[in-house]
């Protein structure tokens, strides 16, 4: 097929949008930690942009997207070291652009985990974790679902990464925090966000970039992209309302952080669905995601895991909600590549596949991530955990020789 | 007509750009209020993104854009609850994308008013105000001008929202602040911006997003879009120079906030004109808008209305300037859908229609907004105004149980 | 040729992206200065967006891009005052869009210099410097390289501005700081960044916008644009790793500012190369640029010039690295408009032209900028340098009557 | 010499400054402080987690005065700072020896 | 009346507050300060340039008490603030005359 | 024991610290404060609205010393802080009873 300039134009723009999401995520998270740890958070995210992109070019893209549509478990090394891209076309866009688009997904997925492990992992441990994780967790899972691997062949749908990105990162985050332990003083010591304006800025950037993430996943400037775009927007909005409604029903104020978190929860939940559902579905999915994720964020206090910035509450839970609800709301009329879910008379088979895909990805990611962390704990000289003194003084100064803010001039 | 992938690509990108404007506006305004009210400001804006989008899907889009081109007063409910979008095309783009593009306009228009009512409206009052306003003010006005309603049929031009967005929001803001009263201590107590870097960031985002707003309103990637783009850029730049020139002529320093405000004033003024004028016109329009809006911001001290962040001075005045100057500068050679203004030999008829459209929208919005506010004042248990204690302590803590910044770690 | 909607869509989006880079740069630099000077930094950048855009429309575009492809020294005035754009097409996009795209380059190039002269130039001196520089430095250099002038005709390649933008601005910056002198107290007094989160935000915006800068320079949504996009991404990532590796090898911590600076260094270096190289070249170029620029930032201490925010270390050095390495890595298979460099068997002729182009631009920019500064020093009533008292109190308050932050509310 | 020290509500600072000036003293120094006392703090809620913040923002005002004027000035500050509600703060007086003005080296009452 | 003043490590503030409360004093005022002393500061590195910051963040705690209680309270603060490592800070006592509660005008021991 | 207190211009802090160290005292505590006095404040302008800010940023330096050294130290601080222009600040001495080092419990002169 030839390159279509309109499709290429949109995927170029969409790729740039998704790239921006990682800095957006860094700010979203960075605003929520205490000021003495803000740079460590930003650094984990920005560094992921550096390392994962290079790994993607060297091997991971090929491991994930080689053997496309083989119904199998892993790609190959045909495109390793950036080989065999010249002149190649994928659908209607240059293959190398498809590679770049997917690269942004490979970057942000591990970056999502930084919110869970905030304020206590050594930077060098993060370097190793993200490198290994990209190869042994992200690449295979992306192959199973995005590259026509075995889960896709069975019939699981995931338009833009409900399982590959959010369930995957969420389950990995849970494993990482179990291996890492709680922050010193948690949950007794208050650890309020140091700058909610930064978090809200991050939210705006994420929302903006998510249009590239979701509507870009159509890989074309067509009606599926348009539908994915609208669904993304409406789900974020509805989820914000859902989250705030729970806050009010619990007797408290509607909070700014709640509005931001609700929007993100909606964006997460609509991710797998956005190109496969239509009508009011995004609003229903958003409302459910907003309300349930709000409630899910309190689970950590009950079960005693320190999911610092609620990666499990928002990304794991939101990813599961979206992936599973797609089994109900999927509508083949919206996208011929999709199928009908329960509500459209398609029966329970899609639903079953969605549940299976979620379960497989969650279990795989959890187990492998846990093993990686335990191995790193043993192997790395300083382990994976910052010292008590580093946590007290702040990771910015102790791990990076910097301070975030210095407002008092002489 | 078929979907054109290039046009669709641009409108997808443009819609994302406009969506980002509301967070940009939130930051622009948020930086200008005192630190204790920053989250309340951000919240009003972000919440508008949540509520208005859902209302737009449920009914407002259909009320605004139903009965397209009927020369009438209101749309219908054919598209309410997201019905009848599947497979539909608008010009050369998916109809649902047009709906999403317009949704971003419906979101930012009421959001503009938050700058005027800053630091004193109860959040629950804003929730009601924005909901009702979207239905009874925004939807009909958008129909009159954007959807081929009676003002458009008479010949009024508004490329991207001089009347529908800026005059509409500006007049509504004036009504709202008259109903609400001045901030405690105004104008005696200094209320300096708490973070101009935040405001400048917001300015950058607004400028960026405005390209989507204006050039996206061409709904195609063609020469009209390109012209609208250049005009937007030049008007913002020229208006910055105009504003700073007035600051210097008044004997003071050129200020950073002045540069930012000037750019926004130029963006406002060029909004109705951008697809209908050419050559040096955007520079002239920008210079006038920058200089006049700078002067207009002092009116509030003379007349005693507390337009906290100068929504009237910038958006109402700037919107009027642009809409009216279009009657002079319009150039049919730029856009065959346009007509010639006074300077191009088209006579005064366009000018007359522009003045009429401005007057009608301003009066309608002012009156209806005022009535809404008065009704809410009576009906809502706590009224529409925060208590004195809430204003002193800060709306962030008292209305949202949060604080914006917490730089001192333990 | 006709307008292609896909190409136009991408260049519209790309132009918006590049426009955003100047605010991004303002924040990148703004975060690095002390809090009392932050607005002065933001102001120099935003003001450049205002002034240069108007000058570009009035004359500079025509001076740079008139006489296109003449192999000569300067353009003409055919397009001055926005004449002769109506209906004109450039390749497959509206000519006026090409003009807007190039306008964003004309804006950001002088803006790059603000990082070097930080915290000590009078605002009015900047106004004059940027105005004159745009006319006598930027316009001719752009003609030589971008508009088929004499350097281009000889065979020098510069895909997106390695010489025109980065070497040009870097050499100008060096001249300006020599004319201006060091900041009061430098290098003894610590002048730490006041807000690295702001700098990181700026980095994210720059990285995002740079896709427009580089991939947009293809002026089409085709495989060259896609290649330029991927190369931009990979070079930034690899350079971040290169910079951090040097930091670690020197025995220190990996720093957040280092990650940000490395990414920018990679973006600078890949700028001339991005549409002419393929495969692993961007990664190699990035690694070299990151490592070398990291080392180059220490030169100022050895030679005693106060390049406050390392414009020479990053932009001049990075621009030279990229422009010269292109002579090695250029690959005609990637882009038929290019040629083969040394490594692809094309011999040393391209390399020689690259070195010549760098040298010519660096010398021209340095000499002319120095002369401008010396003349301004004599001619302007207050000279070009802020007084000692202004530097101590802060330029924000003394030059702009504003303060950046005010966190303590009453 | 004495140092009159006051812990007050931040929004009363302008009133206190005006009162001090009216009393005839032309200088003072203020510090942002956090107070803990009978006045309850507040509760912040982030994603459903409640944090009780027991510290309340206050401003400390320090004024050097001649011995004789100290009690009157303290009284004047007390009155200017009063809102009548809990948390209005405290005013106290501390002994000071040997004040100097940095600029001139003047000492004692001439220094202020 | 006395003013007990303590310079402590910021993260010990909650312990000190608890100890003061346990001792029976219901109010105190804290200030963010920067200390310089035996405890070394730290080095920051920005693009290879090293800055030595000799000041260390500390919190100042000020507590008004009755003369008789001052030594005991000081002792109680010393114990609560101790970590045993360098930089734990200082506690001292200063004389105070004439305390008033702003809200009521109560003086002396009734004011606190 | 005495507490030498100085209100100085922020940019003179390094000079003052150096002078104190040279005088032989190895510790001090600084606080960011806002001063009001003869030195005029400044005017800020936002969209044409002028605000007069009467407070000027200052730094407070507090130094515990032995009684005998206090006057000399005060003198030394005065000299180091002087620029000769208005707003240079004040230095004064206050009596202190009973200093302790938190880490060790050492008292009096050994505590500092």
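Labels for the chains are A, B, C, D, E and F, by order of writing; each one numbers its residues from 1.
Definition applied: a residue touches a chain if its C-beta (ideal position, glycine included) is under 8 Å from a C-beta of that chain, and two chains touch if they have at least 3 such contacts.
All values reported here derive from a predicted model rather than from experimental measurement.
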item	value
Same-interface partner of C-E, chosen from the options B-F, C-F or B-D, over half of the pairs matching	B-F
Copy pair chain B, chain C: interface residue numbering same or different (half cut)	different
Distance between the centres, which are taken as Cα means, of chain F and chain E, whole angstrom	18
Computed distance of Cα centres, chain D from chain C, in Å	51
Distance between the centres, which are taken as Cα means, of chain C and chain A, whole angstrom	33
Distance between the centres, which are taken as Cα means, of chain E and chain A, whole angstrom	45
Residues within chain B bordering two or more other chains	4-7, 9-10, 13, 189, 192-193, 195, 201, 205, 221, 252-253, 255, 257, 401-403, 405, 407-410
Contacts with 2+ other chains: residues of chain F	11, 14, 31-32, 44-46, 94-95
Contact footprint of chain D on chain F as seen in their complex	2, 6-8, 31-38, 54-55, 58, 60, 71, 74-75, 78, 81-95
Interfacial residue positions of chain C with respect to chain B in the complex	3-10, 12-13, 15-16, 19-20, 22-24, 26-27, 30, 38-39, 42-43, 46-47, 49-54, 57, 81-83, 85-87, 93-94, 96-97, 99-100, 103, 123, 195, 198, 201, 205, 221, 396, 399-410
Interfacial residue positions of chain B with respect to chain F in the complex	32, 187, 190, 192-193, 247, 250, 252-253, 255, 257-258, 261, 294, 297-298, 301, 310, 313
For the chain E and chain C complex, residues of the former touching the latter	44-49, 51-53
Of chain F, residues touching chain C in the complex	11, 14, 42-46
